Structure formats: C-alpha cells, structure tokens
Amino acid sequence: MDFIITFLNGLSLGGVYALIALGYTMVYGIAKMLNFAHGDIIMVGGYVLFVFVGLTGEPILAIILAAFLCMLIGISMEKAAYKPLRGASPLAVLITAIGVSYFLQSLAQIIFGAAPKFVVIADLGTITLGSLVIPVYSIVTLVVSILIMIGLSLFIKFTKTGRAMIAVSEDKAAAQIMGINVNNIITVTFLIGSFLAAIASVFYLLKAPNISPTFGSKPGIKAFTAAVIGGIGSIPGAMLGGFLLGIVEVFSNSVPQIAPYTDAIEFLILIIILLVRPTGILGKKRREKV
Amino acid sequence: MDYILETTDLGIAFGGLKAAEHVNISIKKNEIYGLIGPNGAGKTTIFNIITGVYQPTWGSFKLDGEVIKNLPQEKINQKGIARTFQNIRLFNNMTVVRNVMVGLHNRKEYKCGFFTSVLRLPKHFKVEKEMREKAKELLDIFGLLEERNNLACNLPYGKQRKLEIARALATNPKLLLLDEPAAGMNPNETMELAETIKLIRDKFDMTILLIDHDLKFVSGLCDRVTVLNFGTVLADGNISEVLNNKDVIEAYIGKKEEDE
Amino acid sequence: MKKKFKIKHFINYIVVGAATIIFTILNSVGVLGLSEQFLLEKIAISIILAVSLGLVVGFLGELSLGHAGFMCIGAYIGGKVASLLSESMGNGFLTLIIALAVGGLSAAVAGAIIGLPALRLKGDYLAIVTLAFGEIVKTLFLNSSEETFGGPIGLETPRYDRNSLFIIGFVVVLIMLAVIQNLIRSKHGRAITSIRDSEIAARATGINVTKYKLLVFALSAFFAGIAGVLFSYSNYRVQCTKFDYNYSIEILVMVVLGGMGSVNGSIIAASLITFLQIQLASILTGDLAVLQNIFYALVLILIVIYNNAPALKGFREKHNLKSFISKLFKKKKEDPSEVRDDEAKWDRVPTKINMDELLSMDIKVTESTMKPDKGGKE
C-alpha cells in the first residue's frame, strides 16, 4: 500500500520536474542556451503567491497574477540580458544567465529577507480510498501537469506558432529565410517556459508552504538534470526525464538508509545515462560532419 | 606490386543507408590519385574511413602492406596517413607557425616529456628551437614564411588551404589525403595549387590521394582516378579512359535522350 | 623583439613575487592585522582556483562546473591528514607539505576520473556531468560519519600559523604559475590549445586527445585540491555546503571576467573579486549584504554583454582598457599580428559548448556568412 502512495507521490513530483524541465529544454532547443535563471522564475512565482494570497486571500487570483508576473520577468530577462548576446559565444550567454540568477535571488532577499516565508495557498487535505490515504495535492499536481503537457504538445503540433518553434529549433537560419520571426518565437518560448515555472511554484507551495530566495535553485537544478537525462532539446525527453527523476527521488527518500544520498543517486544516474547515451535517452544523436 | 594504400571491399552503412560499398582502391607509391564523383557519392566518407573517423562496416584497408583496423584517428595519423578537410579546420587561435608545430608534435626527433617541459630542462629549449626551425622550413616551401606570426584565422582563404597541407605534411605521412583542395579557388589559384601538389610529390616523395570536383584540375594532376557514384565504384584507371567511360559521363551530365 | 616577449612572459611572476615580498615585509613590521592576513590567504586561494580552472576552460576549451568539488576533496582529505598528523608531528611545515601533497593528489585522481566522461561527452553535457560530480562529492562528505569527516557539522581542522600561511599561499601561486605557464608554453601546451581550436583536426594531426584531456583535468584538479587544503588551513572548520555549484560558478566568473585563455586576467579578476567580496562583506551586514550580490550580478551581466554582444563590436573596439592604457602612456597601438596563441583574445576563443555545432548537422549559415572577409571557413 505504501508502495502505491510512494509511486503516486513520485509521479506527482515527476510531473512538477517535467514542467520545469520543459522550460529548460524548449529554451535550449530554440534559443540554444542554458537558461540558468529558469529555476529562479519559480522563486519569483512563489513570492508573488505569498504576497497576493496574503493580500487578497484569493488563491485563484494569486495564481493568475503569479503566472502573469513570471511571464513578464521571463521575457524581460530575455530582452535585457540574453537578446544583446544573440550570436555571441554560448559560454558568454551561460555566464549572463548565471548573473541573472544571482540578480533575482539577491533582489528577492532585499525585498523579503533571507528568512523563509510561510504561505498556504489552499489546504487540500487527503482522501481515503479503502486503506489508502492519498494526499489530494499529489493527485491535483499529477493531473494538472499531465493536462498541461498534453496541451503543450497539441499546441506545438497543431498551431502555426508551435510548428514555427520546431522549425527554429531545427535550423534557425533556414527558419528565418522561410519568413519566421525568430525573435518572436524565442519570446514565445520564454513566455511558455515562465508560465510552466509559475505553475510549478504553485505545486511546490501546495506540498511544502515555505519560500526563501533560494527556493528555485534546487528544483531548477533537478529539473535541468531531468531535461538532460531525457535528452535536452527534446520535449518528450523532458517529460520522461522529469517523471523518471521524480520517482527515483521519492523512492530513494522513502528508504531511511539511502535517503541522505538521494541527490548523489540522482546525479549518478545522470552521469551513467550520459555515458551510455551521450545525448540523453531521447536526444537525437547528431554526428559532427567532417 | 607495392601499394601504399589498398582497400578491399571497403563499405559503410549508417543505419540502413549504405554510404559506400565494395570500394576497391589501390594506390602506388609516389602516385597522385584522384577520387572523383558527383555530390554525395561517398568520397569524403571514404576519407573518413581511411583516417579513422568512421569504422568501416565491411572490408578493410592496408597502409604500406599493414592492415589498419580499429585504430583511432590519432593512431592512424601516427601510422602515416595525414589529411586536410573539405571545410578547412585550422587551429584558428594559434599562429601559423604553431599550427605547423602541432603537426610536428609526434615526430621522434622532437620527443620531449611532460616533466622536461614543465621543469624547463635544456632539452625543452633545444626541441622547441628545432621544431620552430623545421616548421619555418615547411612554411617556406608553401610561401607562408612571412605570415608565420599571424593568427591562422586571419589568413586569406587560399593560404589557409596551403597551411592545412603544410600541417598535414609536418606529421611526416606516407600518404596524404586532400579533401577538395581546390574548392573555392579561382583558376589562377587552382593552377598554382596543382603545381604545389606536384612539388610536394617530388620533394617529399609523397603519395597523394585527392578529392575534387574540378575535372580539369584532376585530369591535369592525377595519374589515375576512381569515380564513385552512390557509394560504389563506377570506373577506375587512367584518367583519359575514365573520362570517356559512358557510365561516368552519364553520372556527371546525365543520360542522352537517344540512349533511352 | 625576443627580449620584449621575455619580459612579458615573466611579468606575472615578478608582480606576484614582489607582492609576496612586500606583504612579508609589511607583516614582519607588524602592519598587517588579522583581517589583512585572512584576506591575503583568500586571495591566494582564489588565484589558484581561477588559474587552474582557466587551464580547463580557456586552454582545453571544456566547460567545468565542478571545480569546487575538487577543492572540496582537497579540503577534506588534506584537512584530515593535517589534523591526524598534527597530533603526532605537530602542526608544522612538514605536516603542511604532506597535507598539500595528499590533498592535491586525491583531487587529481578525481580529476582524471571526471576526465573520462570528457572523452565521450562534449560541451554542455560535460558541463552538467562536472556539476553533478561536484554535487555528489558534496553529498558524500555531508553524509560521512562524525569520526571520519564530521558529517553535517564539518571537519575540524588545525589552523596554520597566521603569520606565514598567506606567504605559503603566494609561494604556491608562484609554483602553480610556473607549472601551468611552462606547460602552456611548450609543445604539450600547443597540443592542448589545438584540441580547443579543433578536436577533429587535432586528432587528424596525431594529437593524443585522450592523454591530454586527462592530463589537463588531473592537473587542474590537483591545484584545486591544493587550494582546498590551504582553505582548510585557513579556517578552523571545513563544511561541504560551502563547496556547492554556486562556488564553482563563482570561480568560473573569475575566469570569464579575467578573459578566457589569459592567465594574467584570471589572477587580476580573482584578486579583485575576492578583495571586493571580503571588503563589502565587512561593510554591509545583515540583509544589506545582498546589495553586494546585486552589484556583483549587475557588473557580471554588463561586463559579459560589453565583451560579447555582437552589436557592440564597434563600441568595444573604440573604448577598451587596452586603448585607454596605451593612450595614458602614449604608446603605439599593438600590432595585432603579434598576438600570441597563449594570449588569444577571449571573443575569439571558441569553447566546445558550441550548441549550434552540436545541434545542427549540416552546413551552418552562422559565422562564416556573418564575417564576409573570411570566405567559406567551416
């Protein structure tokens, strides 16, 4: 019975990781950069929720506002910090992303202080199915994240913008020649990524209602790991990697002897998978043309 | 007959795609041999197999009588095959002379251990000086001596091609592979290049295998050629025979109407 | 011309050596207080970290995000050796040398191990593996038992004599400069930079890429380990939470700000950043301390944009430090043909995290078409 609950929790954590990993993977695929500051968007979402749940007491309104503000921050960081560097060395972009991440974290610390803040969006309680006591947030998280992933897949497959995104990720120059506005597509990508991060922050706070300036670092790095495991640049890969990592994490944490080593285990899995498949599970193997 | 390079039924498949199949090429010592064919015929693929970038799916090849199998690129180079690339690959952030000095790296006479270098033992200075002199000598042959302290990426295109050849020669190969050496050159430069290649053959007693599209360039330079099409050998032998071969003409300019 | 190069070659030894002597004299006169000594120790540690990481990033062209992990190994192993030996041999110079050697070597072994995936992985993938490695090291020390490495409370280490530790630190810096610069300015260094510029061409030219990658990773880790041992001697306690990926990134920032492939740049950036950090930390306290981080973040973003934005190329060529300094001294502009490859400019240095190359298989329309004067390169 414990097994089922653990598995469900693993899936739900995996769903959250997958949402964040999608942000990493889409930005990587389209803008060809590692957005190190992506995790901090989650933190921004968390503080927005903290402020507006406290202010209005309306969770739904706060969630909408959080999504909106995260998207705003997402595109402003893209425009201010990354856009001037388009065409520059990828390492330069990576360092800038690190700078943005520092910036957001320190800004949050100045405004809200270093001490964790407490915010309850909603107490969803548990439901009992026979002998199973299931936390409702797990189910909500899992269901909503799966719905969002389906929606995103449909969006990419069937809308003009979505197909343009695929085109840009395949070949930026060719897409540009075909009349696609690459800058707009990159902006849309950041919008979607930031929206997903905002949703992830809601799920995180449902599970553990504490928020601090470094709130986003750990989920960020874990989701990044998930994206790489699945094959960075691949959308199904991010989902697969997210669920895989979530399940590993929850199961590893459920055994007291190995729980302290959970992080090490996850990173070890990453290294092993990359050694076996250098571009991740679903990543396309590309041969360098000689 | 002594062959420097001898391939037997060489072939490779990427997934289901057969990029090359049953390729038999035999190159005599001191020969300039051409590998020609339309785009996508598998010419560079053959180069990549011979230099160890890809492992062949079928067949094998011998260098100077020795079977070369499962060796990484650097080992194959050390055995005596050097190459240039279709899209020039120089060490762009290094000076011209240092590019050539990297080519001299593995020569026995310039052996110098890691600790000898770090501890700056006298041998280090001696080796460095000798390498520099040797590199200058090579650059002089290619008319690059004046440019030796420029960064490789600042050289004009034609000189970059020459530098790449100089670097390959610095490794002291038995066989030199040139991948489209005349690509992007004007007729004058092409003619000059042909002379340089002949000079290399004579001066270094070198065997050369080259790929090119320019039939005039190839026919003026090569002793024998192999024509590839869709990864298989279409014809080989003397250049004039091959160019009159019906299949070759067909592959290059298409079928004549009345033949159909 | 030869002579001029020679002086240029030795300028960093001269400056660091002179600084060491000056501070030693100042210290013996009693001008330096505890906080200055501590600051100098930290600066020496930062220089060692930055220059050794610069070897991997700037000269081999691989991105490493796990440098703090190697430092962590050095700090724990070296600190443990020091605390064990100081019981029997006393906390003297010999103990320090043994601790430095053991800490450095164990980090070097780890470096060679992490170099193995570097043979198979490229660019970002290698970067994430090094990051993962650093986090694994951290987790392992965090969960060690109390008797071995102290677990979460950290390892108690003997503090070395304050009056001489910073001098030892600077001597280590000098030794490291000699090793790394002599390596770079030799045939082996050429082989390493050739791998950075084009791994395929380097292989085709017979360079043993495997050997050199492992060598560079091991050597870089060795010095990071040494920096770790010095760190453990400089503090009373080694705690692994210090060595997380943020710290690795901090070191990377020093390398990038100093200029990729520039040893002198790394030294200057490491000294300045460490100095500013420690000074600001003593001025700004409490939540105000984050003002320092904001400042740091903004400077970082602005410098990287200034250095790299394609649109600012003209601006950059007109207004840069070099032309400013040469204006000050009314020197003639340096002949660009004399750029040496061990000082290659950072905006030209390619690192292998070239995602376009990784992701696009066919002929690219990037650089070659954007720089019209270069013809059909790559």
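For reference, chains read A, B and C in written order, and residue numbers begin at 1 within each chain.
Simple rule for what comes next: a residue touches a chain if its C-beta (ideal position, glycine included) is under 8 Å from a C-beta of that chain, and two chains touch if they have at least 3 such contacts.
Computed from a predicted model, the values in this text were never measured in an experiment.
Nearest to the overall CA centre, using the mean of each chain's CA atoms, is chain C. When chain centres are defined as mean Cα coordinates, B lies farthest from chain C.
Our note on geometry: chain A versus chain C, Cα centroid distance of 31 Å, whole angstroms. Distance between chain centres (mean CA atoms), chain A to chain B: 48 Å. Separating the CA-averaged centres of chain B and chain C is a span of 39 Å.
Among the residues of chain B, those touching two or more other chains are numbered 53, 85. Contact with two or more other chains is made by residues 287, 290 of chain A.
Within chain C, the positions touching two or more other chains are listed as 200, 349-350, 363.
In the complex of the two chains, the chain C residues touching chain B come out as 178-179, 182-183, 186-191, 193-194, 196-198, 200-209, 215, 261, 336-341, 344, 348-350, 363, 374-378.
Chain contact summary for the complex, chain B toward chain C: residues 51, 53, 72-74, 77-78, 82-83, 85, 87-95, 98-99, 101-103, 105-106, 110, 112, 114, 117-120, 124, 127-128, 131, 149-151, 153-154, 156-157, 160, 167-168, 170-171, 183-184.
Those residues of chain A lying in contact with chain C across their complex are 28-29, 32-34, 81, 84-92, 94-96, 98-100, 102-103, 105-107, 109-110, 113-114, 169, 171-174, 221, 224-225, 228, 232-233, 260-261, 263-264, 267-268, 270-271, 274-275, 278-279, 286-290. On chain C, the positions that touch chain A within their shared complex are 57, 63, 117, 120-125, 127-129, 131-133, 135-136, 139-140, 142-143, 200, 245, 249, 252-253, 256, 260, 287, 290-291, 293-294, 296-298, 300-301, 304-305, 307-312, 347, 349-351, 353-366, 370.
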